[in-house]
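Just dropping this structure here.
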Amino acid sequence: MNKWRRDQMAARVANDIAEGAYVNLGIGLPTMVANHLPKGREVFLHSENGILGMGPAPAPGFEDDDLINAGKQPVTLLPGGAYFHHADSFGMMRGGHLDICVLGAFQVSVKGDLANWHTGAADAIPAVGGAMDLAIGAKKTFVMMEHLTKSGESKIVATCTYPLTGIACVSRIYSDLAVIDITANGLQVVEIVEGLSFDELQKLSDVPLHHKN
Amino acid sequence: MNKWRRDQMAARVANDIAEGAYVNLGIGLPTMVANHLPKGREVFLHSENGILGMGPAPAPGFEDDDLINAGKQPVTLLPGGAYFHHADSFGMMRGGHLDICVLGAFQVSVKGDLANWHTGAADAIPAVGGAMDLAIGAKKTFVMMEHLTKSGESKIVATCTYPLTGIACVSRIYSDLAVIDITANGLQVVEIVEGLSFDELQKLSDVPLHHKN
Amino acid sequence: MINKISASVTEALADIQDGAIVMIGGFGGAGQPTELIDGLIAQGARELTVVNNNAGNGETGLAALLKAGQVRKIICSFPRQVDSQIFDGLYRAGKLELELVPQGNLAERIRAAGAGIGAFFSPTGYGTDLARGRETREIDGRMYVLEMPIHADVALIKAEAGDRWGNLVYRKAARNFGPIMATAARLTIASVHEVVELGALDPEAIVTPGIFVQRIVKVPRASRFSTVATVSKQAAA
Amino acid sequence: MINKISASVTEALADIQDGAIVMIGGFGGAGQPTELIDGLIAQGARELTVVNNNAGNGETGLAALLKAGQVRKIICSFPRQVDSQIFDGLYRAGKLELELVPQGNLAERIRAAGAGIGAFFSPTGYGTDLARGRETREIDGRMYVLEMPIHADVALIKAEAGDRWGNLVYRKAARNFGPIMATAARLTIASVHEVVELGALDPEAIVTPGIFVQRIVKVPRASRFSTVATVSKQAAA
């Protein structure tokens, strides 16, 4: 089965980020989106640890232990960027000032509930970080994830079985098979990977899909 | 009847402010306290409009419309002073970070209730400013006021008849006749103006006074 | 390329609607965006709710906006001043609704709106007329009043310098309400005395990051200002 | 003359008591006051409750404090990391109590303590396991969870520079929790890499005014740092 590669997924998300957007990219796959923003398009990257106007990784030898992103990787600051403390940083999120937040997910429900912080396994050590703030804070929450689990089950579900991160917070899913909007009228398919039909996508997904009007 | 002058009252309050104290001086009479702080004693003056380390009035010709105190008079900043926004400024008060706040008053009750913002007159236009925040925010609230109204009534009362600014918030009263602590065991007289006896002070006051232990 | 610099006050204020909730920065004259207020008078939006610490001084700035009859309601902490005659007259004539808020609650309610806080318990005002009828709660032995956020459609603020991304720094005590109002409004318009190149503002010292600012407009400096940053210890002693 | 500069880490930390609630700044390694943590290990206070974003990395810093058995409980948002083996072991062995808090609620609860807010309604975490059994409320059509302030006995934070009044500036993203923790503790101790003369810090750029800081201690700079403040637009494109 044809699938979008991770860099293709990142490019697809990047393409949907308009100039001037304030954007938080979650750790993991979403971080890759930064590398695919069209050159010359000014997008403002926010990092939960108190950075706005975050730039790319520094050149080797220019790493700075005081300048890291949410994933604790060295980053840079663009001219025009700013630093602020954690309460101000999360006020930006919670106050609805970010246009877009891109997160990974274990599951997304048909209503836009998100599960991405905890497998719920009895022996797992929980860690939530900024996931719950990001999920409910931005004007739009995008999810990037593989469409299916390793065992082939749909990660888009009627009801999340993993512990929730946020309720009805996801606007759009970018999977490796499709781009799907979550709307009041259900899941609307915006785009499907080449070579896969709508009916095939529907078969692979746990929940009713609709053609985007 | 002998009374302390306003500058003597201010000097008496100033004398009780220890080095290193963080202090807010309310508008009106309390503002005078700044002029009586002993030279060389480092006291940190806070102004509600976002100043810590406020200095004295500028020399003529050096007034700056961007640097005023709560009473909208031109002031200066000491080396080591800082500016911050209004939410941070009132967080300092409300969070209990100020050691002392000095306020004027219409009335103070035996329990330390304060009335200083509104006469309650039907045609009066109310204005509260920072009074309610200051009253309840500082570790200690000092009141400076004349002991008696113009018609000779005690401004220390069993129960305030003017609208309240704060409940059980006053620690100490500096009147023009006496210095009085408000304690769980009632009003304790710390000092009386020369020439006035405790019994005479008691007669002038509306509420039972005690000798300070 | 993102450029938040407006060509003129007129352009910056063009789309303010009748009935808007408008936050206006300043504490007395310091930080009051006089040119933006004058622009709002010229623009003519009516039935406004204004959020400001005061209710105007003299006959200019906010007082002039009130005099122009464009304001239906004012939310403030300290309307009555020696020179608040415009407010006084309208209030006494019943032509202006007043919501009086203790200054710290005003600031925190604005900050709460900007930070996405639904409501908060403040100790300020408990037991007073200004909290009458309000929900209260004892927490750890202290009494508190429930306070709601104040959101705005527009914030008009005055800053010292800004860049094309909307980053702002302020000057001395003119900072006051500007940074929190910028966070609480859907549309924040800042007047600045200097427009600087991107990167010219120290990222450690930017007070309002551009995310909170939609438009910047340059205005001349009208107020008295001193370049003496601080008094010397000796002069102060 | 007020002088908040301590002669040594040992002196600065001398009076921390067993059972104290200790906030420790930092997000991962950035802003972690390593020398103060090492000092706390040497000082030996036990049964501590630690408030930090994480729960230690590797075998140094906060991880070493945990390993020393001085911590009874940790309040944090993100304990599990690739190198959080010390925490993992203690937690699995039931030797360490964990209060897991979404990061923004953690920050806001700390800020609320510093600002005298009794409690606040946050939308974050509503409907999740981390808000189970908690008071909730619908405000303007949105659901919120009631969050309580986190007060501390001591805050250990790392700043870049300070003066004898306790004013602090930070460096880049090492700022993170420092400024809010300083407001929430009865005793705030900051390590700095530079002690400067009073007045040397720009009053417009002081992030933590001295009112929030009781002691400052100078420590050498151990971490990698780059003097390149920002990348050029060209390099970034």
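The first chain written gets the first letter, and so on, giving A, B, C and D; residue counts start at 1 in each chain.
Definition applied: contacts are C-beta pairs under 8 Å (C-beta built on N, C-alpha and C of every residue); 3 or more make two chains touch, one makes a residue touch a chain.
Computed from a predicted structure; not experimentally measured.
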{"item": "Those chains which touch chain B and also touch chain A", "value": "C, D"}
{"item": "Chain at maximum distance from chain D, centres defined as averaged CA atoms", "value": "B"}
{"item": "Chain pair showing more contacts of the two, A-C and A-D", "value": "A-D"}
{"item": "Where chain A and chain C are represented by their mean Cα positions, the distance between them in whole Å", "value": "35"}
{"item": "Geometric centre distance via CA averages, chain C-chain B, whole Å", "value": "28"}
{"item": "Interchain centroid distance [CA atoms averaged], chain C/chain D, Å", "value": "32"}
{"item": "Shared interface positions of chain C, touching two or more other chains", "value": "108, 111, 115-117, 122-123, 170-172, 198-199, 203-204, 207, 229-230, 233"}
{"item": "Residues of chain B engaged with two or more neighbouring chains", "value": "40, 77, 79, 81, 83-84, 87, 90-91, 93-94, 137"}
{"item": "Pairwise touch network: line, ring, star, complete, or other", "value": "other"}
{"item": "Touching pairs among all chains present in the structure", "value": "A-C, A-D, B-C, B-D, C-D"}
{"item": "Chain B residues touching chain D - in the complex, by the definition given at the top", "value": "19-20, 22, 40, 42, 44, 46, 52-53, 77, 79-84, 87, 90-98, 137"}
{"item": "Contact set on chain C toward chain D in their complex", "value": "108, 112, 115-123, 137, 139-140, 142, 144, 148, 169-172, 198-199, 202-205, 207, 229-230, 233"}
{"item": "Residues of chain C defined as touching chain A within the complex", "value": "1-2, 111, 113-117, 163-165, 167, 183, 198-199, 201, 203-204, 206, 209-212"}
{"item": "Complex contacts: residues of chain C adjacent to chain B", "value": "27-31, 53, 77-81, 84, 87-88, 91-92, 98, 100-105, 107-108, 110-111, 122-130, 143, 170-180, 207, 223-226, 228-233, 235-237"}
{"item": "Footprint of chain C on chain B - complex, ascending", "value": "39-40, 47-51, 55-56, 58-59, 62-68, 72, 76-79, 81, 83-87, 89-91, 93-94, 118, 123, 125-133, 136-137, 163-167"}
